[in-house]
Amino acid sequence: MRAAVRILLALVLLGAVSACAHVSDAQPAVSLDGKWNVFVTFANGSSAAEMTLTQTGNEVEGQSGPLDENRYFPLTLRGRRSATYVRLAVTRGTTFVGNITFNMETANSELLEGFGELYGVTVQVVAARTVVNTQAPAVHDYAPTTFFLQYSARHKPGLTVYPGDTVRTFTLDNEGRDKQLKYRGMPGNTLTGPIFVTGAMPGDTLVVKLNKVSLNRDVAHMASSGLDGRALLPGATQTRTPNWNRNWVLDRERGVARPETPTDNLANLELPLKPMIGSIGVAPMFNQALMAGDVAFHGGNMDYDRVTTGATLYFPVWTAGALLSLGDGHALQGDGEISGQGLETSLDVEFTVDLIKGDALSQVWLEDADYVMMTGIENGLDASLQRATTGMSQWLKKRYGLSDSEIALLLSASIEYDIAEIVDPRPNIVARIAKSTLAMLKPLN
Amino acid sequence: MRAAVRILLALVLLGAVSACAHVSDAQPAVSLDGKWNVFVTFANGSSAAEMTLTQTGNEVEGQSGPLDENRYFPLTLRGRRSATYVRLAVTRGTTFVGNITFNMETANSELLEGFGELYGVTVQVVAARTVVNTQAPAVHDYAPTTFFLQYSARHKPGLTVYPGDTVRTFTLDNEGRDKQLKYRGMPGNTLTGPIFVTGAMPGDTLVVKLNKVSLNRDVAHMASSGLDGRALLPGATQTRTPNWNRNWVLDRERGVARPETPTDNLANLELPLKPMIGSIGVAPMFNQALMAGDVAFHGGNMDYDRVTTGATLYFPVWTAGALLSLGDGHALQGDGEISGQGLETSLDVEFTVDLIKGDALSQVWLEDADYVMMTGIENGLDASLQRATTGMSQWLKKRYGLSDSEIALLLSASIEYDIAEIVDPRPNIVARIAKSTLAMLKPLN
Amino acid sequence: MRAAVRILLALVLLGAVSACAHVSDAQPAVSLDGKWNVFVTFANGSSAAEMTLTQTGNEVEGQSGPLDENRYFPLTLRGRRSATYVRLAVTRGTTFVGNITFNMETANSELLEGFGELYGVTVQVVAARTVVNTQAPAVHDYAPTTFFLQYSARHKPGLTVYPGDTVRTFTLDNEGRDKQLKYRGMPGNTLTGPIFVTGAMPGDTLVVKLNKVSLNRDVAHMASSGLDGRALLPGATQTRTPNWNRNWVLDRERGVARPETPTDNLANLELPLKPMIGSIGVAPMFNQALMAGDVAFHGGNMDYDRVTTGATLYFPVWTAGALLSLGDGHALQGDGEISGQGLETSLDVEFTVDLIKGDALSQVWLEDADYVMMTGIENGLDASLQRATTGMSQWLKKRYGLSDSEIALLLSASIEYDIAEIVDPRPNIVARIAKSTLAMLKPLN
Amino acid sequence: MRAAVRILLALVLLGAVSACAHVSDAQPAVSLDGKWNVFVTFANGSSAAEMTLTQTGNEVEGQSGPLDENRYFPLTLRGRRSATYVRLAVTRGTTFVGNITFNMETANSELLEGFGELYGVTVQVVAARTVVNTQAPAVHDYAPTTFFLQYSARHKPGLTVYPGDTVRTFTLDNEGRDKQLKYRGMPGNTLTGPIFVTGAMPGDTLVVKLNKVSLNRDVAHMASSGLDGRALLPGATQTRTPNWNRNWVLDRERGVARPETPTDNLANLELPLKPMIGSIGVAPMFNQALMAGDVAFHGGNMDYDRVTTGATLYFPVWTAGALLSLGDGHALQGDGEISGQGLETSLDVEFTVDLIKGDALSQVWLEDADYVMMTGIENGLDASLQRATTGMSQWLKKRYGLSDSEIALLLSASIEYDIAEIVDPRPNIVARIAKSTLAMLKPLN
């Protein structure tokens, strides 16, 4: 029962419930060939994947799930079609792991329903054709009323958009306060979203172009009165000043920030404003629910100061609809965010989403007018640098067809690294290569 | 006997042998008060330190060695002066570790000679007054004929200079070849130097202002055909192209470098020249001899691209004369030097040395027109970042008297990090703070 | 509406719905004083915490949430009681964050109901007195039918027990197969559980005594044909043998395991069986949902070979009921689990649960006949060792009142470290101290 | 002149100056074929290597230096022999780097003299046949009078032995004090040695069997009053007790150590004695001089408690004579040496040296009755574990001919790791495999 509700929900979210869904008699045989989006629902969870089927005579073959070995459901399907059913044996590698049966009596050209058993677990299955949006791109003015503290596939989307649409919205500060400093959500890098992007499926790439990231109030805070222990040598100690004044004035006209009630030593300090989004990402794989302050393959709390107006971000999709969320704005931030905070504030944000079918790297990357940038988020700075460099190498190979030695020459002579943050559960090192350098290379096709 | 020779050598190097050194009869009593440079020589080594003595009646007290607890000889001296001798008991903390006796019959206002036992080891001791150079700064055109592969106190200096002097010299490439591509030394970041700076003693700060770092030939090389394993994720593999063309053309007129015989994919690649000194440092503490390719508290193979024209470097001195060496020029280099090499070439270099008595940080720092920069060289990137940040915190405290909370606020909002290299035995992360930001602070006194 | 359902569910789970819950008229005034368990439910989540109230005249004061600064709800409550309501202002530190009102007309000695706003979010609140179990400890034969792939507070408990109860159950192997090698759940360290422990609240310590961990079939597998990249030097490569035989025979009579169809080189290899539980833990804080293969403060995939018969584990509780899960049995395992797998198999397990109110360390620890052991799970081995040593230091201070210098002396002379695993998202280093050494110390009170 | 002196010294040390060295006339032509030990001396250093020559007609070919690419002089020699000279061009890879000429007029069957230029540097060359010791193994009672603070090729050997000889000697404690607590050397893990092992050349393996490691006094000390910062989480602080009592009583009869004047809390503490050598190693490659407290490929301050009676250590040789030194005895030590010290004391030591020609691994390994053990000394624990595992993998491949997949299976199921120390400049993780497991494998040949 609950499963049925979920499936219906999934279809509604996909915008895929066509009027003819229940009309099946006296029709020509529904073709199985080609791509389907599959939703699998079971007692303790659900999963979404792409499925490709090919029918030859009555023999049906197919594959479900991205073929990347690190993804969850790389399954092979093999079986036969009868007048009323398609029965498919499911194998993972060489191991038989279950079967799925689609009911062809209720099928139509847009929708298959079925059931089966995978890994000993009873599942219900719905397969729908990929959504094609024929409408002009829309602009959504999205004023969220609920906010979340996690990147998670279980949260109900606050907005559904099509690829090509633009969203105008705002984010709360890290404590859940809006531009009037009013609490609107629980503290903890409170997130706007999630936003369901129709048609996005695991293995796809979600594109988010940040048209505008702007301050919407005149005050920020940096609550810490000391540096994070990870920024200092083992054994180094600090004397923290009690009741340390935490607020900063954001002088948007002059483009600078200054401490609200500075100590004598810092009386003249002013730093240039550079608004940025600290935390932005999609729902993580495997139905995980990760804190808004955590950071991983799905993005999240990347705390990188080039995530700002003019940047385009590319996220691997792990969940139907991608489920984009964002928050934790900073008026400015030093490298590494070494006190654990930037100048925390609320933001107004406008962005345009798009979708690239397939083509997902296993890590977030971005570009702006000057650079292509690859995040590296692993355990410790050494591993994070390795992840960023490896990702950049893969990107260069894919885009330009360079050999390993060509990549070594190019990167060794021109790579740049930023240490975005060291204080979230894992550090983020970003590898950059200048577009002026890339312009000297010939892209594939 | 050998010890005597060494002492003499030390004095010659110090430029401290005054004409009156052997005239001691019928003179007023030599004053012990004030600062001396002490040379201690023993069967298996030698050491240099500053010594301060105070005579009250016949009681003599003093201290030898920088008081920093990490330095080698923080010794306390206590004893009495007779007509012919000063006998001093030596303690380290509360532990008696030996005694020293100066012969006052041979003493003069510039020089004390003595002997003793420290830690059970027979030692000979010479103390000389600090050298004062009364001459105008000189310019030395230094064409080295021998080159070394190590930073070490045991190498014979190739040049002796005074603080304020300027040196014009050249460096070989990392394989020991000069601007005619002729081998002049063994390969291995072959070093020009060491240069003895008269008056430099352990605990002092050696200042090296790089007036000019310039290319002197039209070819460089980057020998590696792959990335260093430390730049890529564990398990990542590379196919290295055999006979990979290693040479680059340095087009000094147009200010760019290009591969000499590029592959098709890289046919249009040109990168801007940015000549820099890869390896520069002083003799390390404790009589260690460290490879020119190694990097530590003494500097060495820092591989940082801001070590170039206009930069001023500050080195802690560990050895009498400091013993500056330099080499491993790069025509340009990417962050991290991730193939293990930059564009390796020979250089012409002009620099001016100076000396700050005392005031040594335990790590190398530098400045140029735009930034104050602190190196961080430890095991792994996490620890190197900690070293750089801790050093910068100490520098800010010392220079501006900031509290820990003020430092946290300032750095968290404005620090910048560079990953200079990850391939030498230890990685080098440099923390930077803009001089435009520092200009808003009030320096102490 | 949904919130009401949730609250009811929470109360049922707590076993706290007493028969008199709706009888409130003509009774003496309900006392607020003392400890309550509080459940807070809101549009996008829920939270549980302890609350302590004190009434003085009509003034009511209290605190909610563990006082440990790293926990989520350390709130201060202050307000007044009227005939029908208790209205409490809520502050976090010095910041006003909302208010809560309890309806005293529906209150009884066991239960308060209320509503309010926290951080701008509408909440419903139920407070119940702590459950006291007056029954004899029970033994539960628990044959699970659904299995989960995550440690998460959102999963429906499969079993509810009281402190003191014993559970006999089984675990599937890492691929979801039982002792007949039949798939019973999705692959991925498939977990038995979660088990709801009545009365467990955030801040408490869940005690799990493993009475018996035993093999229940004659076959295990180790699927990898190579070592994990993190076990080998950067750049090291391996040639993996295709179709590598993965199965091992578990000879329970002779107590050894051997490869089922070994290569010639390994024809004589037999290793002693040492069955262990690879993954065991509680639901993580902040409503996170973490993979069964992940490992953190809540336990999880600790892969430590001393988690076996005779060991007692201590978990910090983050969620009402603690929600214990377990799986990923190994017939034996080398240090570090360096291929990513042990000898993976299903297990029969018997354990007794208990509860210590409060007293939670922020990391899992355990003991057996010979050792007290502290897990250390952080980013990289260096940090994991630091976490284990710091935890052990805190435990010694708490248990024996030792000073830092006494701890330094004791640990420096007698600590032992195990590298449990390096292949899960974070490595686990365990610090051990022998009970024979602890027996020389005097515990506090 | 100095070079000639050095060459003579080298020959004396080798024991290779035969009586007929200067008699060359009217003899049959000296054969060049086969192995020679080569000593190269130049203005700023010296180097030793093996050289193999083959004469075919007048054509002479050969190689000098271990062929391992990480070693210093892998040179190819090619040239012709005339009546009076052998002239050889020297190449490194495909690069011409110089030439060497041997004077055949002064040559004899044991000795060649020559000169040349390598890398633009004038060199003198002496080649001598490998020494064969025809005498019975000797026992040396070696009472050292000078002690060193470094592992270095420049120190004059205190004792010369042949392979097979046994040495009975003593070591000072880490502060330079002997068994009467008398200072005999400067503090800093003061080393006994170096000991020159006749015939040892770069690329060989030095074998040191520890027959006996025993305490020779009743007192030890552990000077630190706190844990090393690297043992605790970033930001953790300790209160150090001033004037902390540092001395321990070594009760050799009962086999236990106890604090000399314990605090009340530690009044009953006694820990079992387990004497061990903290620092033992050979002169490092490239003429480096490394501190006795440093640790690397050459051994040094490994601080591993299985380096004790019954252990046999295998060192790669980097210098003619290997130059073995040892010191830094501990009466006992916890894993990691986390305060920076064990129970520091002097020791009596008896060991037998042997030599395996060639066969050097690039890291120190050892064995005892129960285990084969591989040290792993790199930057940080992660890299050290990788080094230890990689070394063990190479050892298994070399000794048993196992494939990578066989090694993965074996190690994943049976490897054990010890964390020897984390406080020396680099940490040491030791990988162990039980001899009972190795006994199930078939060694090659």
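Here the chain labels run A, B, C and D in written order, and each chain numbers its own residues starting at 1.
Just so it is clear, a residue touches a chain if its C-beta (ideal position, glycine included) is under 8 Å from a C-beta of that chain, and two chains touch if they have at least 3 such contacts.
Nothing here was measured: the structure is a model prediction, and the numbers come from that model.
Q: Looking at CA centres, what chain is most distant from chain A?
A: Between chain A and every other chain, the largest centroid distance is to D.
Q: So which has more C-beta pairs touching, A-B or B-D?
A: Contact tally favours A-B.
Q: Centre to centre, by mean C-alpha position, how many angstrom separate chain B and chain D?
A: Comparing mean C-alpha positions, chain D is 29 Å from chain B.
Q: What whole-number Å value describes the gap between the mean CA coordinates of chain B and chain C?
A: 53
Q: Averaging only over C-alpha atoms, locate the centres of chain A and chain B and give their separation in whole Å.
A: Going by mean C-alpha positions, chain A sits 48 Å from chain B.
Q: Provide the list of chain B residues touching at least two other chains, using ranges where the numbers run on.
A: 230, 232-234, 236, 380, 382-383, 386, 427, in rising order.
Q: For the complex, which residues does chain B have touching chain C?
A: Chain B reaches chain C through residues 228-230, 232-237, 380, 382.
Q: Show me the residue ranges of chain A that touch chain B in the complex, using the header's touch definition.
A: Residue list for chain A touching chain B: 222, 224-227, 230-234, 236, 238-241, 244, 257, 259, 263, 265-266, 268-271, 332-343, 380-383, 385-387, 389-390, 393, 400-419, 422, 427, 429, 437, 440-442.
Q: For the complex, give me every residue of chain B touching chain D.
A: 42-45, 97-98, 118-121, 146-150, 152, 154-156, 176, 182-188, 234, 286-291, 379-380, 383, 386, 425-427
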